[in-house]
Amino acid sequence: MTQYLLQISLAGLAQGSLYALTALGLVVIYNASTVVNFAHGAMGMAATYVAYVLISQLHVPVPLAFVGAIAAAFILGAVVQALLLERLNGAPILTQVVVTLGLFMFLEGVLGLAFGYNPRPMAPPIAIAPVTVAGLVLRPQDIVQLALLVALGVALAALFGATKLGLGMRAITENTYAARLMGIPVGRVLGTAWGLGVLLAAVAAILAAPTTSVTPNMMDTIVVYGFIAAILGGFGSLVGAVVGGLILGVIVNMIDAFLAPELAMSIVFGLLVLVLYVRPDGLFGRKAVQKV
Amino acid sequence: MLEARGVTVRFGGLVAVDRLDLEVPDTGIFALVGPNGAGKTTLINALSRVCSIASGSVRVNGTDVLELLPHQVVSAGVARSFQRAELFPTLTVLENLLVGLHSEMTTGLEGALMTPSTRRQEKAARVRAERLLRELNLWELRDFSPADLPYGHQKLLDVARALISEPKLLLLDEPFAGLTEAETPRLLACIAGAGRRCAVLMIEHHFELLEGIAERVTVMNFGRKIAEGSPSGVRRDPEVLRCYLGTGRHGQAETAAC
Amino acid sequence: MPRYAVTVPVVIIAAVLPLVLQLIGERQVYWLFVVSEFFVFAIVAISLDLLMGRTGQISLGHSGFVAVGAYTAAILNARFGVDLLGGAFAGGSLAAIASLFLGVPATRLRGHYLGIVTLGFGIAVDQIALKWDALTGGDQGLHLHRPTLLGLDVGTPVLMYYVALIALIVATLLVWSLTRTRLGRAFAAVKDSEIAAAAMGVPVASTKVVAFVCSAFLAGAAGGIYAFLAGFVAPEDFGIDSSLLFFAMVVIGGMGSIPGAIGGAIIVDAIKNAAATVSGLSLAILGGMIVLVVLFFPGGLKALLRRHAAKRTTLDRTRNATVPLDA
């Protein structure tokens, strides 16, 4: 039984790493621009189609295709910021959230029109058979996912903690107007944050693709879990997003194994509402301070 | 009316208001002056429960304000205006004033049914709002969105919205800032009128405006009270002069205004 | 309602439409159902506009409340023979109770939490409706008896058309009255400035919850009517896609306006029906429209239609005003 539990938890952590990556991207964007990007999953999905086209239609080598897709994701994020969000500078947050929802619908619809809703297969990037260590089956894909999460998490922390970009982002969050006056290139910093955020969504989507297949709504479930992971983490904390995502992955896998997989989202959602009753700022969140 | 003792407000490590005592009688106009960052707005925010107080006590007409939630303060007789006229642009000018009467009215969901009592309340509230708007010469603009009004009218409306609930203590955060010279007298008359009915505590930099109407001026710097007295007396206070002249950019601007 | 010049003709046209369809004669039943269904959707759009447009709170799971209302009405009708009025009222009430549980924690802190929580709610209702087949019929759905209203048989397409039309008129009047009284003003105040609203005595958090509960009640009641109109409820009627449709109605129509919500419902419903055969098409069009509306026509259809009229009245008012605007 312990073995079984461990095995499920391990698979849960691997699954949770996708939620964590998605949540990380959401938090990066939110921290810089205070916008919750409801097009997050759809943008990651769009980048996955780039990888799909590169691999299956243009026969680009797989690693190169992934790099291309991730670069496309960064550009997509930066372009969306510059073309849509920048124009809504100073508009109520509700308006900015509405535009991301419109973008979500648009992207899913357009890719549905272009490629149809039939799932298209994507081979796993690493075709190594699972190995067994101490009775636990380790799938190479799972290890790669977790390793990528750790690597990207550390890289992000370093980027925001120790570079001018991170400093600029924090200044913008604090007071956009003052940051502009101080000579911080606000547009460029926000564009970079959006690019990085969408890049993280694309990494999650590409990693998910072998299991979910490539479809316009491949990210719908994952991004909802990403939102929930971000809320559990207090919507603002990078560490919170990672921990929230991993915990959520384990919980979802437990529900799948022991309760009812078809009710997983409902149960998780019920838990989220309970958590919000007890800890409105999430499990790791700091209290939100309102400015006058 | 207002009795504040040892009021201290902290933002993280920064002490914005430092053990401040302030007493205001039942009627009259009382001013808060001081360089930018002296803690004046923070004090107003603390008195209206927008920001929380680290220590000290605030009583209005015997009621402990610190026991109240932000939205309960107005029922205790404390109303306020905002530095940048926080009006409601999706409502009309008239409706903005009606929100000022929110805590006096009781209509809830039954408003959807337009019950007789709802109609009665609405009518009474509109009569009051109309009277005030006519008094301020804003009646013709009643159906506009405040966003379409010139800034001076917005500031006037902001004060009117606080005034309509007939508070015992009226807190005004720089009501004259941004007004043109032509707009000032109307608001001045309005505030002077309010000062005869209730206590007005307002932040204002222009001593010349204060000299006609303010009974007492409290000067703040770095969160503390550094002087208090009549407008002309405070103006000659060496401590006040030093703080205004010695603070560089802001100080000069404000001395020029004196 | 003001602007009788617009509303009276619109209501008259709606009232005589069945007659016109009768004269044309072709596919009358189908068109009656399409328009009746639109009336019910318009009620949902009005309810969502009360929340989003008026109070500034987002809901991405409004079809979840419609589903709760529809299933409540369907179950009560199938098991206990409850009539249309009772079903709609019970459906609205249950949706309101559900929204209270969600709204209390979700509106307390940050605005977007409600968007995410309602998104989850919409999905959860769908999943539970599928799973709990003893109650809901699962993916087989649930059939209702012939609809009655206060003892009268309203089981014909024409009668149901009028039921739906009257329901829309009643919903419009209720929301319109609400927005013109104390609570409705508090909704708008909370949207525009929470701090000023609180200073005026508006309890911000509970006002948001009340707006959410009102909105959910209306959506649930509309769901109850929908169940009787369709005679059948199944989970696929209430997925996340239909939540997005309601969202699109409100945004495209112009947030914060009842005529806007109804106009948005017409446009979105028409696009949905016209583009139904090509998967992805309506989603792409509506998504693109939302982006364009937000960027270039903030205020949506309402503002677009009103622009001309508004210019005139503003001038009139300015001329009559004794206070010069630039004083």
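Which chain is which? They are A, B and C, in the order written, and residues in each are numbered from 1.
One rule holds in what follows: contacts are C-beta pairs under 8 Å (C-beta built on N, C-alpha and C of every residue); 3 or more make two chains touch, one makes a residue touch a chain.
Here the structure is a predicted model, which is why all the values come from computation and not from measurement.
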| item | value |
| --- | --- |
| Per-chain Cα centre nearest the global Cα centre, belonging to chain | C |
| Remotest chain, subunit C as reference, centres from CA atoms | B |
| Inter-centroid spacing, subunit B versus subunit A (mean Cα positions, whole Å) | 46 |
| Separation of subunit A from subunit C, taking each centre as the mean of its C-alpha atoms, in whole Å | 32 |
| Rounded Å distance, subunit B centre to subunit C centre (Cα mean) | 40 |
| Interface hub residues of subunit C, defined as touching at least two other chains | 195 |
| Multi-chain contact sites of subunit A, meaning residues that touch two or more partners | 292 |
| Set of subunit B residues in contact with two or more other chains | 50 |
| Parts of subunit C lying in touch with subunit A, wherever the complex brings them together | 52, 56, 58, 60, 101-102, 104-106, 108-113, 115-117, 119-121, 123-124, 127-128, 130-131, 194-195, 240, 244, 247-248, 251, 278-291, 293-295, 298 |
| Complex interface listing, subunit B residues touching subunit C | 48, 50, 69-75, 79-80, 82, 86-91, 95, 98-100, 102-103, 105-109, 111-114, 118, 121-122, 137-138, 140-141, 143-144, 149-150, 152-153, 161-162, 165, 182-183 |
| Contacting residues of subunit C [partner subunit B, same complex] | 54, 174-175, 177-178, 180-186, 188-189, 191-193, 195-204, 210, 214, 256, 317, 320-323, 325-327 |
| Subunit A residues touching subunit C - in the complex, by the definition given at the top | 36, 38, 84, 87-88, 91-95, 97-99, 101-113, 116-117, 216, 220, 224, 227-228, 231, 235, 260, 262-263, 265-266, 268-270, 272-273, 276-277, 280-281, 288, 290, 292 |
